[in-house]
Amino acid sequence: MSLSIEQLAADVRADREVHSARKRPFMRWEWLLLLVVLATFGLNSWASPYFLDPYTLSDLTYNFTEKAIVALPMALLIIAREIDISVAGIMALASVAMGMTAAAGYGLPAIVAMGVLAGLLCGALNGALVTLFKVPAIVATIGTMSLYRGIAYAVLGDKVLKAYPPDFAYFGQGYAFSLVSFELVLFLALALVSGIVLHFTVVGRRIVAIGSNPTAALFSGIRVERYRFWLFTLTGGAAGLASVLLTSRLGSTRPSIAVGWELDIITITILGGVSILGGKGSIVGVVLAALLMGLVTFGLGLLNVPGIVMSIVVGGLLIGVIALPILFRQMRAARRGT
Amino acid sequence: ADKPVKLGLVAKSLGNGFFDAANKGANEAAKELGGVEIIYTGPTTTTAEGQIEVLNALIAQRVDAIAISANDPDAVAPTLKKAQARGIKVMSFDSGVAEDARTVHLAPSSDALIGEACLNLISDAIGGSGKIAILSATPTSTNQNVWIGVMKKDLAEDRFKGLDLVTIAYGDDLADKSYRETQALLKQHPDIQGIISPTTIGIVAGAKAIEDQGLSGKVWITGLGLPSELEGHVKSGTVKSFAIWNPIDLGYSTAQIAVQMVRTPDAVGPGKTVKVGRVGEIAFDDKGLGAMAKPFTYDKSNVEEFAKIF
Amino acid sequence: MRLHKIDRDVGLFVITLLLLGGVALKFPDFITPRSLADLLDDTAILVLLALGQMLVLLTRAVDLSVAANLALTGMLVALLNQAHPGWGVLPVVILSPLIGALLGAFNGVLVWKLKIPSIVVTLGTLSVYRGAVYVASGGAWVNSNQMSESFLGFIRTQMLGLTVLSWLAVVGVILFALALRLSVTGRNFYAAGGNPGAATYAGIDVGWMQFLAFTASGAIAGLAGYLWVSRFAVAYTDVAQGFELQVIAACVIGGVSISGGVGTVAGVVLGALFLGIIKNALPLVGVSPFWQMAISGLVITIAVILNARGDHSSPRRILEEARP
Amino acid sequence: MTEAILTLESVTKSFAGVHALTHGALELRAGEVTALIGENGAGKSTLVKILTGVYRPDGGTIRLRGQPVAVTSAAHARSLGITAIHQEAVVFDDLTVAENIFIEDRPRTRLGAVDWALMATRSRAILKELESDLDPTTPMRQLSVAQKHLVQIARALSVDARVVIMDEPTAALSHREIEDLLAIVRRLRAEGRAILFISHKFDEIEAIADSYAVFRDGAAVGAGRLAQTSRDELVALMVGRPVGQVFPKTEAKIGPPVLEAQGLTRLPEFEGIDFTLRRGEILGIYGLVGSGRSEMARAIFGVSQLGAGHLLLDGQAVRFAHPGQAIKAGIAYVPEDRQSQGAVLTLPIFQNVTLARLGHYAKAGFLSGRKERKTASILAQAMQLKAASLDQNVEELSGGNQQKVVIAKWLATDPKVLILDEPTKGIDVGSKAAVHRFMGALVRQGLAILMISSELPEVMGMADRILVMRRGRSVGLFERATATPETIIRAATDA
């Protein structure tokens, strides 16, 4: 027997019309970001004569591609109301795994597979801590952050692993075509996939629902814990992949690789408009935010502004871009109110 | 030279007195040579990734030469090679990079000399015999480990037979960890008499820990540090003497060499001897390695005077 | 049915004692009064910061900027002391919590008035404050010989076998315990974070309580800035880099719920001591320096897993922001 | 008739374009219970929040004993002598009972410190007045729903408020507890307080209220003495149109068993529950709050796991490891707490409706918004959903309309068995009738419904058979024809 909704409707006598006018949500945040990105681009070209140069623009992308690749699954994770602070630690451990694989004489495919696999495993452990042991994500990954990097230190000590085959350099230093780096192409492809998954598929809708109301999502038949687990695993895998790129770009592995990156990655995600409270966010925003971070840091670098002063700008940007629209809204409301 | 020579001087990290002093020396050289612009820069923290971002910015500005003190000899190599491919001259100073990623490397002193100096200093402080320990930076820092290796080798020799190295601790170049490690050292080995810390944060924090334990005058610390940072500890008697090469001269020589690499490329390279203004001459071996003088020793008699300079 | 909070504190106490005993087995001198006093001295700053962080966590927020606040305030008072060594330590002791409170209040205002999630606000100010240290100092260090005698000596003064630094922590703990138990404002921190919606109905302004918590946490971070700089006798840009995570770890190990409304002073003190013991014991018991980080990471992870088991009451999330 | 203590004149309030109140008017008198009634979303709770300082009104006047006042905060309201039990549970799970009671004004010692001893003593006294021997030092978390409610009432009594507002205080209470509550209300009235009593249940209103006020679409549309009106008249005022029978039980053809439970057990929550649910049947489950009904439903649905016992669906033994399997097998569960378990408040209506069966609206994993909206639109019409657009977020709807969205979500899964947990809790008469008509239509189509309800008239009116649970055990199965309210209540309470 199948329930006929049409018949039901007739049966209960409908007397109120609910129109289904499509209220296109105005993507305010993304527009705002785009504006800031363009402004920064303009400012950079104005402030430095070296900015508008194909080589410069190509080098610029290296400032953000690896972080942005991790920011993509991080966005999904935060949308699902979780977070992973251990990503940089995962990168270190994955790099060590790759270095050891290379040192053992395995070839390119094995090395790359090992890096991604190590990332997946670390992510899965995070996922298990959160879903099986019910440890809040922020807490669990603060712990595993030092655990993963600690293992990297323990294994490698003061040694360096650099027995990578020559071809390995392609991932972090190669160009897909002319001056467009492989990293950038990979990031854009992954962004496209993430965007489609998040915004147009069943999986994406479920992630949003989990982040908006986990209990209701569970009652709606969504395997909430399973989704969470796989999102952590995916984030770990992305960190592993980013580690492949970074290790290849550096050509060597040390346990201190990517130290402190977790904050940059989370900053990109939040700047991209992903709500830390879950349930809201877009991939377009994350891509724009990554681009913005790259433009700002590189632009200031061109002006030889010290990195630490840059961090003031980035921190201020994070607060400012989020606070200003709220401030304007409040001021407008106050004016209307009186 | 009509167009000014632009030289990027890349520190391990900014906010480090040693490199600030080197920058001072580089600027002295620039003034002497004329037509030279020094861009002094570096990352926020001592990471290779940060240095690469800085290097990319320098490459984009089309500097003529880059002189770098590397946080990681291998990780910055690909980027430096890219710089070379775009016609930029590259050298390293203080902390070297892979051989194929630079033309020459200017070491402040030879590793052998530094290791030996450290042992001489501690031997002098504790009166020739006793138990000693080493407080290093991170377990992964290359130059620290090379120096420690030299010290271990020298300790086997007769002249240092009174010294008994009991342990090596790592303070990670963090003040609090170095302090805590020193405390642990003193507890673990109550009969220890001297600590060698060949790193500036280590020697400063270690000295403070000794003083706080009330062991000033009983346990001595020495190593590599800046006069301005150690003046107080020399006066309080925890540090009898310490050594450092002159960072101003190092920066000065680096700038001299780098500018010559641009203006007279053939004059600088492996196996060549280069004139460096007031410092004299520096000879590079066939691997492009050159060293300045042996480290200079500071004690009560001269620390105040040099503290004003660096 | 979950463990009652008190039972949990007792459990942590027992574990901490066991840890202490375990280290003592390997290294008996670790539990001499002198060593324990050193341990307290070394953990005092962490204890104080964790108390402030607890207040913030109670209101369902988090303060990631404490370490940067500490570094900035520490640098500012060190510069002040350098410029006016004759002024003695008193202005520093008064000014450092004030500067810190100001920095904390800035976080608080953004959370309270603009309702920006605390994690976002403090992630931003974390960078800004840290950068400001560099700008303030021009990247230069302030070294021990540039600090006045009283600046360095004050926290080292011995009283009844403990240093002033340790006494500050002891007094802080007592004050917090009393205030959280006996003052109406103290109780309101629990209410505001435990159920923000209900708190609003009960006339408790949740945003205001968060503002107070951030300001208090900032004041403590500021004071800790002086304590840190004086204790290690050096001020530079990277001081206490990443320390905020240890502070949060101390709170979580101590049973403070990341989703607000739950936490005791006793737990936080034990959590901080637990971390302090590990940090101090690892170099002593002769663990390879390469393994230290992995072991402390493992211990933190395990402690956190054990402690999270009582925390099932509310749906887990990153941070449940308090919105009425 | 005494002077009005509290008067509201054309109070208005809107939220981002939603006019919650357009003309709020009300008069409360000392020693009187005034019932405030109105459909879901009529603006009742908004009014309460304005009176207690949670919201600030956009316009209008509030007079306290003739003097205009502006209530600026909850604390201010309390100082004015206004206190409220809000519709949402406002308790602090991690604090003690005593502290919950005195959360707004903790007694202090002379030194200004919180006086825990005095707080406990006074709590004990207030609880005793309410005929409860709860220990004031118990953590709130350990209390049952009804006990928590009691604490909220105690809180309202802890201040000497002249105006006591109760926003649907009985929604979560069982029959017996409602009686107790009404006794308390009578006592408050006798003490000369003015009471505003909000409820959707006419039995209660008729039992307790002296006067009434009716709201419709944010405006006061009528007020007067309860004795001078009739239920029909009130209902007509509320909905602006006549409403048919409230429990339109229509006979459906009862078919073969669909869902059979044999000895369902999950200790300590419930034990040894047997029942058979047949096609076209509504099986009512009645019991006091805390009797384990929701736990059993959740275990059937796979949210939690059964400890022992068998579940047969169409004669096949089934056991669901998670709700997804139950949904696939044709079981739908409308949970009791729509805010936390039912609706995803920050998602649009149409996305809520399709959430439990997303695969149905997707090709190769890609969702079709058109398909989703079509289903949502049909169901919304059928449920008489009051919303501006299907793209509106559910949080913008009133409680009753939120519940309709949740029910729509479950109907969209095309179930064989529908479990309804308190389906009309907090729903106004109009919507209630709609839901009940809907249930009738569903069983006529062959659906089997398991209806958990604490509202006896609803159970008696809608169910074909009634299973009564007490303390996790089934204590009787009654046929509709033979059941009387008395027998059922006796079974449920062991009275």
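By letter and in written order, the chains are A, B, C and D; residue numbering begins at 1 in each of them.
Here is the rule we use: a residue touches a chain if its C-beta (ideal position, glycine included) is under 8 Å from a C-beta of that chain, and two chains touch if they have at least 3 such contacts.
A quick map from chain label to UniProt name: A = Autoinducer 2 import system permease protein LsrD; C = Autoinducer 2 import system permease protein LsrC; D = Rhamnose ABC transporter ATP-binding protein.
Source: prediction; values computed, not measured.
Peer 1: Is the number of contacting C-beta pairs greater for A-B or for A-C?
Peer 2: By number of C-beta pairs in contact, A-C is the larger.
Peer 1: Would you identify the chain whose Cα-based centre sits farthest away from the centre of chain B?
Peer 2: D
Peer 1: Determine the centre-to-centre distance between chain B and chain D, using the mean Cα coordinates as centres, and give it in whole Å.
Peer 2: That gives a centre separation of 73 Å.
Peer 1: Round to the nearest whole Å and give the separation of the Cα centres of chain A and chain B.
Peer 2: 38
Peer 1: Centroid from C-alpha atoms only, then distance chain A to chain C, rounded to Å. What do you get?
Peer 2: 29
Peer 1: In whole angstrom, how far does the Cα centroid of chain A sit from the Cα centroid of chain D?
Peer 2: Computed value for the inter-centroid distance: 41 Å.
Peer 1: Would you mind listing the residues of chain D that make contact with two or more other chains?
Peer 2: none
Peer 1: Listing for chain C: what residues touch at least two other chains?
Peer 2: 134, 139, 237, 290
Peer 1: Residue numbers in chain A touching 2 or more other chains?
Peer 2: Within chain A, the residues that touch at least two other chains are 153, 156-158, 215, 260, 306, 308, 310-311.
Peer 1: Provide the full list of chain pairs in touch.
Peer 2: A-B, A-C, A-D, B-C, C-D
Peer 1: Looking at the complex, which residues from chain C come into contact with chain D?
Peer 2: 1-2, 4, 178, 181-184, 187, 190-191, 194-195, 197-205, 261-262, 313, 324
Peer 1: Within their complex, state which residues of chain B touch chain C.
Peer 2: 14-17, 20, 45, 139, 169-170, 174-176, 179-181, 183-185, 187-188, 201, 204-205, 207-208, 212, 228-233, 235, 307
Peer 1: Residue numbers of chain A touching chain D in their complex, please.
Peer 2: Within the complex, chain A touches chain D at residues 1-9, 11-12, 14-23, 25, 200-203, 205-206, 208-209, 212-213, 215-223, 279-280.
Peer 1: Note which residues of chain C are touching chain A in the complex, please.
Peer 2: Answer in residue numbers: 62, 110, 113-117, 119-121, 123-128, 130-135, 139, 237, 242, 245, 248-249, 252, 258-259, 288, 290-298, 300-301, 303-305, 308-309, 311-312, 315-319, 321.
Peer 1: Within the complex, which stretch of chain B touches chain A?
Peer 2: Touch residues, chain B against chain A: 14-15, 39, 41-45, 47-50, 52-54, 56-57, 59-62, 72, 74-78, 82, 86, 138-142, 145.
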